[in-house]
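Two complexes come next, and they have one chain in common, chain A, joined by chain B in the first and chain C in the second.
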Partner chain A sequence: MNTKKAKEGLIYLYCITDKVPKLKEIENLVDKPYFIYHQSLYAIVNKVKESEFDEENLKRNLADLEWIKAKASIHEKAIEGIMKDACVIPFKFATIFNTEDNLKAMLSQHLKEFKALLIKLEDKEEWGVKIYCNSEKLKENLMQEDEQLLNIDKEINSSAPGKAYLLKKKKEELLNIAANKKLNEYGQVSFDRLKEKPTGVRINKLLPKEVTERNDEMILNSAFLINKDKVGDFLNIVEDIRAKYTDKGLFFDCTGPWPPYNFCNPKKGKIHNG
Partner chain B sequence: MAQDKMVHAIEATNLADILERVLDKGIVIAGDIKIQLADIDLLNIKIRLLVASVDKAMEMGINWWQQDSYLSTKAKETEIEKENIALKKRLDRLEEKIKAK
Partner chain C sequence: MDRPIKTLQDKNSYLDLQKEKRITLLEVLDRALDKGVVISGDIVISIADVDLIYLGLKVLLSSVETMERLRGTPFAGATEEPT
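Let's turn to the complex of A and B:
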């Protein structure tokens, strides 16, 4: 029995859509992708080996960064390929079924939900914006602008060493407070501008430096769902705030279009019309 | 146009961007293989993003989005609009009744 099952393999689900998917887009990435049509929905899937993806093996493989990197990239690219011509609902990594019937049963069970979601996502794109802050640069700017800080600097220069030391401490403290205030101001203004056009906004966890591999600190990690005809406006706004704040120490990382990963789980990603 | 200048997601982003979305986002439907990504010891493999938290934002004193009323006000506006339409209809009906008398 087991040997027979191993030959059959497992079914890995990438995404679903309600248009006939163009598999040509992903054939060079995914080994023999195909779709399963059921109740007006197309599930884009691939056969995967049990030696890689059954519960035990998957658990082992998930501890292997190289394996995850490779499989996650395929997952992403497969969905992006389908997304070129159709509105998709992207599934989480390693959504796997034993048989086609099980997958079809899942589609039947969530049919209403999926159809409603596809309507909401139609003609929309997900874009991501991460903002980083270089606090050294931010503080350098402040030292040239802030009067209180400029005055303290003058005082330090004309003071005896003991007093100068205390003043330096005070200056540091004031500088930190001022930098924080500015950071909040810049962040708020940027975020207010970013959400002007999108129909959906999602704030995600800030990623630590170990993950971002950047020297500056992430201060905003956001995702936006935008009508396709508003994407140009949105990107112009990104350029605006980039021009305004780059010299002040902020860095804007804007990516997209992404599959709408952030706007598929009703409890998490809020979408509203208008 | 600005859009032309943008590189597509896959080219413009590092792997962390992809992992963040693929491993942590996307629609969650229980498949046949039960695996909790969060249960796996991901700490050693740099996918710390899964356990990074907004506490960090609090530490840094940046939390403007938490007070952000954008999503809640939008919902309220829709409610008010609906109520407005309902009231107008009621008013129309009343006026017609008065005219009819």
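Let's turn to the complex of A and C:
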């Protein structure tokens, strides 16, 4: 039994769509993805090996960042290939079925939700904006702008050492408060502008420096669902806030279009966003 | 000021430019591994499994709370996707 299963392999589900998918070759992938048609839905899948993707091996491989990068890149490219020509529902990395029948059973079970979701996502794109803050730069700017801080600086220069020390402490405290206030203001204004055009908005958890590989701190991790004809307007807004806040210490990382990973969360049912 | 997007063609070249740098570990962790439809398939990576990946990176995820502490207050109107 086991040996038979090992020969057959597992089925890896990338995404589903309701139009005949145009399948493309993917770099670093021997087998081209194929589709399974079931009840008006097309599931774009690939055969994968048990030695990589069964429960035990998958757990082991998840400890290997290089493996994750390589496989997640294939996952992403497979979906992007399809979404060029059709609206897709992306599945989470490593969604695996033992048999084609199991996959079809899942499609039947969630048919209504998937169809509703495809209607909701039609003609829309997901874009991501991550905002980072360089607090040193933010504070340098404040030191030149904030009158209270400028005054305290003058006072420090004309004070005896003891008093100067206390004033410096006070200055530091005021600077931190002012920096927080500014950061909040810049973030709020940016976010308000970013959500002008999209039909869907998600705020995600912040990622630490070890993951972002940047020296500045992430202050906003957001995703937007945007009608295709509004994407140009959205990108212009990103350029506006970028022009406004770059000198003040903010950095805007805008990427897209992504498969709508953040917006395939039907209200009911067993499906949910991770 | 030059607008980056004027025509569809401009938009496409803008997308080509960022294409190569896009699939970074950061985006992988943030999207394909963390989001997308989760169904009760035969094998699915659980949230606990994703946490293991972060453990492998020897980092702890900061939460939305951290952002709120950093900024003082949450952004107004930061909502789930409207339906």
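In the analysis below, the second predicted complex is superposed on the first by the 260 of 274 C-alpha atoms of A that agree within 3 Å, B and C clash if a C-alpha of one lies under 4 Å from a C-alpha of the other, contacts with A are read in each partner's own complex, and residues count from 1 in each chain.
Going forward, a contact is a pair of C-beta atoms (placed from the backbone, for glycine too) under 8 Å apart; a residue touches a chain by one contact, two chains touch by 3 or more.
Please read all numbers here as calculations on a predicted model, not as lab measurements.
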item	value
Superposition on chain A - do chain B and chain C clash or fit	clash
Contacts of A:225 with chain B and chain C, given as first, second, both or neither	second
Partner chain in contact with A:243 - chain B first, chain C second, else both or neither	second
First (chain B), second (chain C), both or neither touched by A:255	both
First, second, both or neither for A:75, with chain B first and chain C second	both
First (chain B), second (chain C), both or neither touched by A:217	both
Which superposed partner A:187 touches (first chain B, second chain C, both, neither)	both
Footprint overlap on chain A, comparing chain B with chain C	10, 13, 53-55, 58-59, 62-63, 65, 68-69, 72-73, 75-77, 89-98, 102, 106, 110, 128, 180, 183-184, 187-188, 191, 195, 201, 203-208, 210-213, 217, 219-220, 231-232, 235-236, 239, 255-259, 261-262, 264-265, 270, 272, 274
Footprint of chain A on chain C - complex, ascending	1, 3-6, 11, 14-15, 18, 22-23, 25-45, 47, 49-50, 52-54, 56-64, 66-67, 70-73, 75-83
Footprint of chain A on chain B - complex, ascending	1-3, 5-6, 8-10, 12-23, 25-29, 31-35, 37, 40-42, 44-49, 52-54, 56-57, 60-62, 64-65, 68, 70-71, 74-75, 78
Chain C-touching residues of chain A, taken from the complex the two chains share	10, 13, 53-55, 58-59, 62-63, 65, 68-69, 72-73, 75-77, 89-98, 102-103, 106, 110, 120, 128, 180-181, 183-184, 187-188, 191-192, 195, 199-208, 210-213, 217, 219-221, 225, 231-232, 235-236, 239, 243, 255-259, 261-265, 267, 270-274
Sites on chain A touched by chain B in the complex	10, 13, 53-55, 58-59, 62-65, 68-69, 72-73, 75-77, 80, 89-98, 102, 106, 110, 117, 128, 180, 183-184, 187-188, 191, 195, 201, 203-208, 210-213, 217, 219-220, 222, 231-232, 235-236, 238-239, 254-259, 261-262, 264-265, 270, 272, 274
